[in-house]
Amino acid sequence: MLREQVLGVAVKQINRAPKKQIERLETLGSATVHEAQKRVGQLEPSLKPVFQGARIAGSAITVLLQPGDNWMLHVAMELAQPGDIIIASCTTSNTDGFFGDLLASSALAQGVKGLIIEGGVRDTRDLKEMNFPVWSKAISIRGTVKNTLGSVNVPIICAGQQINPGDIVIADDGICVVPYENAKIVADAGEKRETYESEKREEFDKGVLGLDLYKMREPLKKAGFKYFETNEDLKNSI
Amino acid sequence: MLREQVLGVAVKQINRAPKKQIERLETLGSATVHEAQKRVGQLEPSLKPVFQGARIAGSAITVLLQPGDNWMLHVAMELAQPGDIIIASCTTSNTDGFFGDLLASSALAQGVKGLIIEGGVRDTRDLKEMNFPVWSKAISIRGTVKNTLGSVNVPIICAGQQINPGDIVIADDGICVVPYENAKIVADAGEKRETYESEKREEFDKGVLGLDLYKMREPLKKAGFKYFETNEDLKNSI
Amino acid sequence: MLREQVLGVAVKQINRAPKKQIERLETLGSATVHEAQKRVGQLEPSLKPVFQGARIAGSAITVLLQPGDNWMLHVAMELAQPGDIIIASCTTSNTDGFFGDLLASSALAQGVKGLIIEGGVRDTRDLKEMNFPVWSKAISIRGTVKNTLGSVNVPIICAGQQINPGDIVIADDGICVVPYENAKIVADAGEKRETYESEKREEFDKGVLGLDLYKMREPLKKAGFKYFETNEDLKNSI
Amino acid sequence: MLREQVLGVAVKQINRAPKKQIERLETLGSATVHEAQKRVGQLEPSLKPVFQGARIAGSAITVLLQPGDNWMLHVAMELAQPGDIIIASCTTSNTDGFFGDLLASSALAQGVKGLIIEGGVRDTRDLKEMNFPVWSKAISIRGTVKNTLGSVNVPIICAGQQINPGDIVIADDGICVVPYENAKIVADAGEKRETYESEKREEFDKGVLGLDLYKMREPLKKAGFKYFETNEDLKNSI
Amino acid sequence: MLREQVLGVAVKQINRAPKKQIERLETLGSATVHEAQKRVGQLEPSLKPVFQGARIAGSAITVLLQPGDNWMLHVAMELAQPGDIIIASCTTSNTDGFFGDLLASSALAQGVKGLIIEGGVRDTRDLKEMNFPVWSKAISIRGTVKNTLGSVNVPIICAGQQINPGDIVIADDGICVVPYENAKIVADAGEKRETYESEKREEFDKGVLGLDLYKMREPLKKAGFKYFETNEDLKNSI
Amino acid sequence: MLREQVLGVAVKQINRAPKKQIERLETLGSATVHEAQKRVGQLEPSLKPVFQGARIAGSAITVLLQPGDNWMLHVAMELAQPGDIIIASCTTSNTDGFFGDLLASSALAQGVKGLIIEGGVRDTRDLKEMNFPVWSKAISIRGTVKNTLGSVNVPIICAGQQINPGDIVIADDGICVVPYENAKIVADAGEKRETYESEKREEFDKGVLGLDLYKMREPLKKAGFKYFETNEDLKNSI
């Protein structure tokens, strides 16, 4: 239970991380950020990109939807600032098409960078043509109504993670969330990791093996790992 | 139970909607048609396109398959007319690859526009190269035999919808079915909706918010929706 | 239970099929090979390509992983020869991202043709850019550690099939495994089938129906299959 | 598309099969009835009994629900006659708890024999205590509202089968539907089968093998089936 | 991201609701509590009881597990007071058997009322015999190790809900969480609802229809709902 | 690929472990055996008991089925000896009801102890009444035919494990397989473990904590685990 997750409310002002830090996190991508954050913050992989290749990061405008009802997405549109990402979940499991080409037009006009939704979307051909990136649980042509109150900019649970308004979401082939107040610290750690990985990549490209690069031969032996020349040798040893 | 869903029969002549109406429905796409039809006729989203980007509409040649057996697809090929779509389901859940490059060659030669199958298909690289659009439940290299009798052009249940021979199926990122006798009435409603949506889209592109465009501010207030400046304000109000 | 599936061992020398036979199988593709092998050897379709369009065949370097641990992939890299394919499964169901851009760099440097893994992978954008084909059960940004011993080049069960080290795996939109000692016999059968299918394809392209090409009209009649002119005729006959 | 599946209507009078035939079908059970009906009419096994051991058959009062809304179940209750079974599906996939102890009280008071629902139910402890048998897709404590119109006694698609009002549904560890007009013919076939099976069962109990009882030894040999004394013999023969 | 969800920590003292309020919530059961709480707080129905018929409520001792590792359950055991419920989730999806008969012995000795775990458990026969109620995502004989640090009594996300240490969890055929500070207010609302429902139940038992009890006939008519005598009448009206 | 997994064959004589060892393994149960065998041999938990509470162990009569065809189960019945267990998988994923009350009668008459099947079964009420334990992937009333050749007593892959004829399968709330030649060694290890666990259980029953019993306090501290009195203390430390 999120204490502030009441229905029928919207919060206008949210905390946002500095633009520069968000850009750094976007450059790093979700996997490196997740690693830099000590492996917390991953949304369940059941949310998948509607089209391949996009990578975005932005401040979260959180939306709590009612099943089959996208009213709150319109409320969110007004509260979003350019560069924000709308992230929505639903009070009960639902795969209807909450979002399509019309709302994407509106989002683009407001400068919204993308949508992450634990629900369904439609008009995926248009979304791709408009280059508006979306991550969703399902694709469904079934439209929705505008009848029942949810909330905007309250904490939500989306794909197994709590998202607070203003938290930074980084999405590409996965999705990771970073608390807004940690943006710089995580970006620092991520870039350090990136540098480290670049060095490793160069070595790998030259043909150096991970066994040598990470000095694993000794630990393997210590752990009792054994090499056999052939399968026969292995059989004889059992 | 579909009374006419007997095994071992094929019906040669089926009712088809006028070509012009089918073209109008194809232009509209499955999501708009579904909306125009008052949200009925959607096939379950578990049927997915084998490759992205295609949109087709056509009269349904219905096929009832036996598990692991694609005999009836050959019978269907003869009864199909140019512009038809073959839509198949199976007497029991089965994901074998009922359809591959050979049958696609045959389908293209007969002028068949595409295949929708609650089952598996194979050779998806070839299907894409041949630009023969297919929607299926699975992709499987496991081929099938030609031993047991199903039926062609009897009513079937496919992905949760009854399909009668000659019904119009519209497929893109979703699939919708329209009774052949309703083609014009649904196309009319769909185009009206399309016009309405185009006007909305123009407004959205200009930056007008859905809240204003759909005059939602008053209804939101009436429903008890409340805005707070900050999260603190919200907490204090609970 | 695989008797030789002990933990903490690696076998250096494995049996490989002749390069030429592997190339023939690669040209044929998984569906034809599966058919040529009398429909055995298909891995479950839950393993899917990370990007579309690749087709590879190679000798299997088998890897038994522990959950959340990719140590053994580094061991495998040293034992792989150019042209080999790494195929990995896990001692318990796990979808973490065992493999990403760094290991892909290493694999490319060693001449490894691709990866098949009953587990998760990350950095799919990079994998596509590097053109390193991967088939996996999941995509996950969650990285792994290097702590616990699995094995390399012991028999494994992957996606429902036993894979012995050196067995040939053929992967495109599906995956099929061929015992290394059967390479030639299966390639022969596959090419024969391919020739047969090419002839059929030509006939299909000309518009000949499967009913005629496969002489199905007589068997259909014998099996009791009946044609009706119209749905009314069918109803009257029930 | 079911032509008569309009929203916002109820039909008062439906065709029912004679009580005696329904009783015969109930005695036979769903598996034997399915067999007697030549293996058509099985609802998908995703619908499961809330508690084990019940077996019922009755005339179908069909209900088309809206997601998260059980209004129509109240309408159905008035139209049901003692011995009827309520069978419900939803316009979109939904697992909310449409039915609980209160509605079960009402159903029992009206003489309804049970509920089959492609949706969720709640209060399963009470349902078991009240001995009111229910088959559902899910168990969920999430209650529903009474706001939106569905329909009662129109044809529906439920778990992959079309159900017409008055069709006979037989439910135990599976569910089968029989057209009301076929009740006697199917009951006859089922009892014949039952007799046949009883004779077989007696033989089986005595230790007679199926191979002998069904005279399978000859057909096996004809099909090329071969016995080997030991695994070594088999290996040598390959 | 839960800010306080760090790894490697345990909090000794937690807030608990008064025993009396917890007892009232237990009597009400999860479905009524969920309703009384305005339909928030339901855990996903993917967590299921290991054996039927149990109903418990208690203060949450929260546990964050690492995959394949049950170390933290031992830490939790010391911090639990009689009447508490242990509720655990894992840093990554995992179905291993974290809990079996030994830990159940320990839990019973400490007065723990039950376990809720988004993971697997084993020894279910013993759990039933010991009458120790467990709700889990899976049943698996695969045991776990005690190697890696998680946390105890930090906020966790379990089956889609945030659980704070000390929150009240009510579990029977579903699971609902109530913030500890709301215990009385929710129990009050629940008992009011219970009284209301009892009155309704009496009426239902007498045979009064929901249509009359809830005065639905007028609203139905207003919403445009129409009755037809027969299916023919309905058809003629379309 | 299992080299000996040819179609259309049966092997008459198989290796069996001594009766006494099988009895010891049965007494231990699947979880303890799995642990004693160093955590290998677990079948995927997707196979579930048709009714609760049974525990059996026996020598495996392996059956390779064709989809929708139970012919080979009759062949298996003749080759089974009293105390054996029939374990079956299918050449392709299939949930039809391969086994029902008739075959159970035959199995009981032959002294077969139970059935494990990666497929569907029917007549579960009868199976329970007859006390014939079955583990299956699905329950389905859909019967099968006797047309196509599979094999009996060849190695099979069932639920992710290779099963050789004569291997010992232990099934209760999970399933574990033990190579027949290892029966004694595994039973010895299991009983040792059982003794060890009994001692622990006594301690747990007295209220001793796992932290003390397993001497975990020191390792926890070494790993950096920290206790805080209150949530406030934890927050201040972050």
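For this structure, a couple of remarks:
Lettered A, B, C, D, E and F in written order, each chain numbered from 1.
What we mean here is this: contacts are C-beta pairs under 8 Å (C-beta built on N, C-alpha and C of every residue); 3 or more make two chains touch, one makes a residue touch a chain.
Just so you know, these numbers come straight off a predicted model, no measurement behind them.
Of all chains, the one whose Cα centroid sits at the greatest distance from that of chain B is F. One finds 30 Å separating the Cα centroids of chain D and chain F.
Distance from the chain A centre to the chain F centre is 39 Å, each centre being the mean of its Cα atoms. Multi-chain contact residues of chain E (touching two or more other chains): 3, 39, 42, 92-93, 95, 142. Taken pair by pair, the chains that touch are A-B, A-C, A-D, A-E, B-C, B-D, B-F, C-E, C-F, D-E, D-F, E-F. On the side of chain F, the complex with chain E involves touching residues 30-31, 34-35, 39, 42, 45, 48, 52-53, 55, 172-176, 197, 200-201, 204-207, 209-211, 214, 216, 220, 223-231, 233-235, 238. By the touch criterion given at the top, residues 3-4, 6, 8-14, 51, 71, 73-75, 77-78, 95, 97, 100-103, 105-106, 108-110, 120, 122-125, 128, 138-143, 146, 149, 153-154, 165 of chain F touch chain D in their complex. On the chain E side of its complex with chain C, the touching residues are 67-68, 92-96, 142. Contact residues of chain C toward chain F in the complex are 1-3, 5, 7, 38-41, 44, 91, 93, 157, 160-164, 167, 177-179.
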